[in-house]
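You will see two complexes here that share chain A, one where it goes with chain B and one where it goes with chain C.
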Partner chain A sequence: MADFLQLTFSGLTTGAAYALVALGFAIVFRGTRAINFAQGEYVMLAGVTAGALHAWAHPPLAVVVVAVVLLGALCGLATEVACARFLRRPDPHTLTLATIGLGVAIKAVVLLATDRKAYTLPGFSGEATVALGGAVLDAQALWNCALVALAAGALAAFLRHAPLGVALRASADDAEMAAASGFSRRGAAAWSFALAGALAAAAGAGLAAVSPVNYDFGTLLGLKGFAAAMLGGLGSMPGAVVGGFAIGLMEAWFAGYVSGTYADVVAFSVLLVVLFTRPTGLFAAVRVERV
Partner chain B sequence: MQPGRFTPRRARALALLLVSATLALAACGSDDGGGAGASASGGAATSAGGGEPIKVGSLFSVTGPPAVVGDKMRKGLELAVEEINAAGGVDGRPLEVVFYDPAGDTAKAVDQTRRLISRDRVDVVVGGGSQSGIALAMEPLLQRADVLFMATEGAREIVQPAEERRTTFKSTFNDTVILQRTADFWRARGVRRVGFLPDTSGFGESAKAELERIAAASGLEVRSASFDPTATNLTPQLTKLRRGDPQAYVAWTTTPAATTFLENARQLGLGDGVLLGLGFGSADPAFYEQAGAAAKGALLSAGKLPIYDRLPDDDPQKAIIARFVEAYQARYDEPANVFAAQAYDGVKLVAEAIRAAGGDLSGRALAAALEGLGTYAGVNGDFRYTAEDHSGLGVDAVAISEWDGRRFVPARDGLAR
Partner chain C sequence: MSERRGRLLALGLVAAGLAVAPLAFHGDYEHGLLVGFCINLLLLTGLNLITGHAGQVSLAQAGFWGLGAYVAGILGAEGIGPTWLSFVAAPVVVAAASLVVGLPSLRLRGLYFTMASLGAGVVLFLLFSRAVELTGGPNGLLGVPVLELGPLMLDTPTRIYWLAAPLALAGLAFAAWFADSRWGLALRAAAASEPAAAAAGVPIFRLRLLAFTLSGAFAGLAGALETYESGFVSPEPFGFIAAVTLLVVLTLAGAGTLLGPVVGAGLLFALDELLADAADLRPLIIGVLFLVTVQALPQGVVGALAARRRARREAAAAPAARAAAEAVAR
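For the complex of A and B:
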């Protein structure tokens, strides 16, 4: 039983990271109908930057986190500029393709800039752990779960109630109509990429506090986050959270009870099953296409 | 639409161009350091005698996934070449390095190896791309061309079985030797049950098979749980192993997952009365430093380089390592490590063989010369190549060290007697 609890805790720790990445996929999809395959590399970039900043100047942790979140938002904006600036009509497919290229570029730049070093942050509340029912939970995992809840809640509320959020959804549904009402597609894309960048940065900082981060660690994370987003239903905020934790838990249980060697297969098997049986995922609303 | 503005079609074409440009740029970026075929003669080539240069082909991944290792190897190789050339070369002939960077890509490395053989016509090759898989792919090509191959990579399959690897040698530990020494250490410390965490790369898989073989022979009870090299959480694996109540845990990887292992193990409360250790793929202090307090008392199974200044004065290795470490520090202004030493030893060994072979640079002649060298005292230990053993280093070169919170020190029972 203690083992089960321990594996569950461990699944929540990784699941929180997947959920944050999945939320990034969700927001970009909501705003642009594109899939941002650079999302994992954003997380990596933020984690490495946070760790490097900490190692270089030792500022208070809160300063590091705020700084990388702002930087993440800027990177998101820069992505939008880089990918869409030259396009008169950036359709989702081109944008998706462009993010793949961008992801490769980010990884290469970080590799060269950091000399392939790994970076780490201290836990937000030190090296504290929480003991519960014979199992131990890294306090940082709680922070990361809180981060997920906060991000998902804020995003859902923003999309539902804030005028900008509503405009963003409207633009993704029907860009022409939204533009006619005074909200450009460019604006929608810029905002969603900025939000995705900020989310990724929060995830990066949270993860660097759990384990060391180097240039190589964003790619697999991004793909697993994508699997989580697909499982929950691409574009759904609750779906992203549930999908992220579900994949994290399944992986941990699989590694603990069956085999760690094939734990990575779990996320991608889930992705395949979802694609074959329920491509809209668990939470996606039925989309009515009017002809 | 205004004249001169992009049409959607042109815009799309431009987007595609942009993507491909980004990709190409990224590829170039990771190709930096000679992917295009930098041919650089050793720095001090001019000061060597006027003889015709001996061409040393070399592949190290100074970019790509194995870059941390490849960078150090390339520097170790350069240092050795410079030293040899400054001392007049080998029999009056300077060494000239032809270097390529396969960036961790085996297919690329195979092309580059063919180029070394047929276009650059190198005399010997030192360095197998900084990754065992690459060295294994290069081996048959070089053997067929009768070119001596000194690999600086770890996997024992590179030189085994020896009767099929006539002209291939390596200047590194076999994991067999490291694991054997570690098993001896466990016995000395009264450990019988071991939890082993190899990563799923070739490095980890090879060690897993080998430790299971050693365990059967030496009465150890070993349970293994593998993990992905980019894993950020090893708690599930540790939880699984914990059920067997091991007295020692060892993680076998070259990635930062080593740090995660130490942190997760301490979080689970392992480590009090239990030995935690890492294999020679994690011989970099950074892995321990980043684990903070969790690393204190953690062990390392590797060569003697990390603890050379704490070796007893009667250990002949002490002075040899000190000389290398100081020369490397002076040349590159960064600390040397075991990977740099592997490449350094590789070049020096090849130079010895060339001297002994008396002018015949064929792979077979140099192989015979290496097998006849007797004992060569290298930085990583005494090399004793024989027709059966093309890896050379023995258990006496392995040390178990302990991280005292700031640096490595010899562990109790850590040195072979």
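For the complex of A and C:
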């Protein structure tokens, strides 16, 4: 039982990060119908920046987190500029491919800037642990789950009540109508990318506090976050959160009970199974095109 | 000049280029790069079938390439059969694997197929580094013997090149024939408009499956060459970045054109030549190139040139057509 709890806690910690990344995929997909493959690299950039900032000036942790979340939002805006600037009418397919290029470029820049060094952040409440049912829970696991709850709650409230959030929802439902009422596709895309960037950056700070991060850890994470988004149903916000935690838990249990070596394969097997059997995911938000 | 003559001429030029290349570049290192050119040419020719002609963007090609390399490497290191057997076994195994992957994933369209191919590629890549007993894991698979073809020992890059170049050329010629065949035409029609092609009786799914399986066979052959050229296999070259790189250079050079893969492989050759001392810069250049290309030059260099030539020809033909129309009207 203690084993099970321990594995569950570790699954929740990484699952929280997957959930944040998956939320980013969902937002961008709703805003642009594209899949943003730079998502995982935002997480990496934020994690590395947070660690570097901490090592350099030791500012209070809250300052570090706020700074990287802002950086993430900026990154998102930059993505929209870099990936849609040359297109008169950005189509989802081209936009998706362009974000792959951008993701590779971000990773390469961090590789050159950090020379493969790994960075870390202290736990948000130090080394504190919580003992529960024979298992030891790192307080950071709670922080990461709290980050997800905070982000998901804020996002839901924002989309429901804020004028901009309403406009974003309108644009996701019917981009032409929203554009006719004065909220352009371009605006929807820019804000969606910015929100996704901020969420990914929060995940980056949360993960840097769990284990050291370097230039290389964003790609696999982003792809797993995408698997989570697909499991939940691409474009569905509750689906993204459920999918994220589900992937995190499955991975941790698989690592504990079956094989730690092959745990990384779990997320992608889930992705393939979802695509082949139920491409709309658990919470269908879109219709999938089939031959 | 007829289209067919033009294509034969292009193939002849590529053959001549492949024949004189080892004379223009000297030394084992340079000849190793030339073998790399042939490997990339095979990979891109295969990718061009499914992504260029059939219009289904695949991110599985690097994983299939790795699978071919490991099939060849394991057969060679374990001493199962003669070494040349790898050049049969690797394409067959990888073609079978791509058939298995394609069966469910080609039912999906557009981005969803791309995602499924991405998933398959990543799973393969993870298996390369995790199935340590079979593949040697991250440290790589050692003990790959020298390739023997009957009495010939292909033990230097130069000698391997004389196997790789004809293979790459034959692959390109086969792809040119396939693209011109009724299957190739049907695939391009389906890429342009699925409903129209389906209404005309094109078995879209089966043809795409054929193209995907063929692309796997090409990747398998490239993998076997890679293994015997480098003498060992490690997972690193077959990751996500490799899948993206192949897609980048094919898009940049011109997907769906005969010479696109040749220009693409040349591009990678030039990149490796220029960045011999600054390998860390490679992903940055690839990323930025891709970012710009997909937006500014979606048809690629060869595609854009062909479009310009077409436009010029049509412009030249326009006055004649107008005169003819006026004559008819009168």
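Quick note on the criterion: the second predicted complex is superposed on the first by the 284 of 291 C-alpha atoms of A that agree within 3 Å, B and C clash if a C-alpha of one lies under 4 Å from a C-alpha of the other, contacts with A are read in each partner's own complex, and residues count from 1 in each chain.
In this section, a contact is a pair of C-beta atoms (placed from the backbone, for glycine too) under 8 Å apart; a residue touches a chain by one contact, two chains touch by 3 or more.
The structure displayed is predicted, hence computed values, not measured ones.
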### Query
If chain A is used to align the two complexes, do chain B and chain C fit next to each other or clash?
clash
## Note on the structure
Across chain A, the partner (chain B or chain C) reaching more residues is B
### Query
Which partner does A:D138 reach: the first (chain B), the second (chain C), both, or neither?
first
### Which of chain B and chain C A:L223 touches, first, second, both or neither
second
### Message
Under the stated touch criterion, which partner chain does A:P92 make contact with: chain B (first), chain C (second), both, or neither?
### Response
second
### Query
Can A:T261 be said to touch chain B (first), chain C (second), both, or neither?
both
### Query
Does chain B (first) or chain C (second) touch A:A105, or do both, or does neither?
both
### Task
Kindly classify A:T13 by the partners it touches after superposition: chain B alone (first), chain C alone (second), both, or neither?
first
### Query
Just chain B (first), just chain C (second), both, or neither: which does A:I35 touch?
second
### Message
Can you check which stretch of chain C gets into chain B in the overlay, out of 4-12, 202-210 or 292-300?
### Response
292-300
### Query
In the superposed arrangement, what residues of chain A touch both chain B and chain C?
82-83, 86-87, 94, 97-98, 100-102, 104-105, 107-109, 111-112, 220, 261, 264
### Message
Which residues of chain A touch chain B once you look at their complex with the stated criterion?
### Response
3, 6-7, 9-11, 13-14, 17, 82-83, 86-91, 94, 97-98, 100-102, 104-105, 107-109, 111-112, 115-118, 120, 122, 127, 129, 136, 138, 207, 210-214, 216-217, 220-221, 251-253, 255-257, 259-261, 263-264
### Query
Where on chain C is chain A touching in the complex?
57, 104-112, 114-116, 118-120, 122-123, 126-127, 130, 132, 194, 204-205, 240-241, 244, 247-248, 251, 280-284, 286-296, 298
### Query
For chain A, which residues count as touching chain C in their complex?
35, 82-87, 92-94, 96-98, 100-109, 111-112, 219-220, 223, 226-227, 230, 261-262, 264-265, 268-269, 271-272, 275-276, 279, 288-291
### Task
In the complex, go through chain B and note every residue touching chain A.
5-8, 11-12, 14-16, 18-20, 22-23, 25-27, 29-30, 32, 63, 65, 67-68, 71, 200, 225-228, 230, 232-233, 235-237, 239-240, 242-243, 255-257, 259-260, 263, 267-269, 286, 290, 292-294
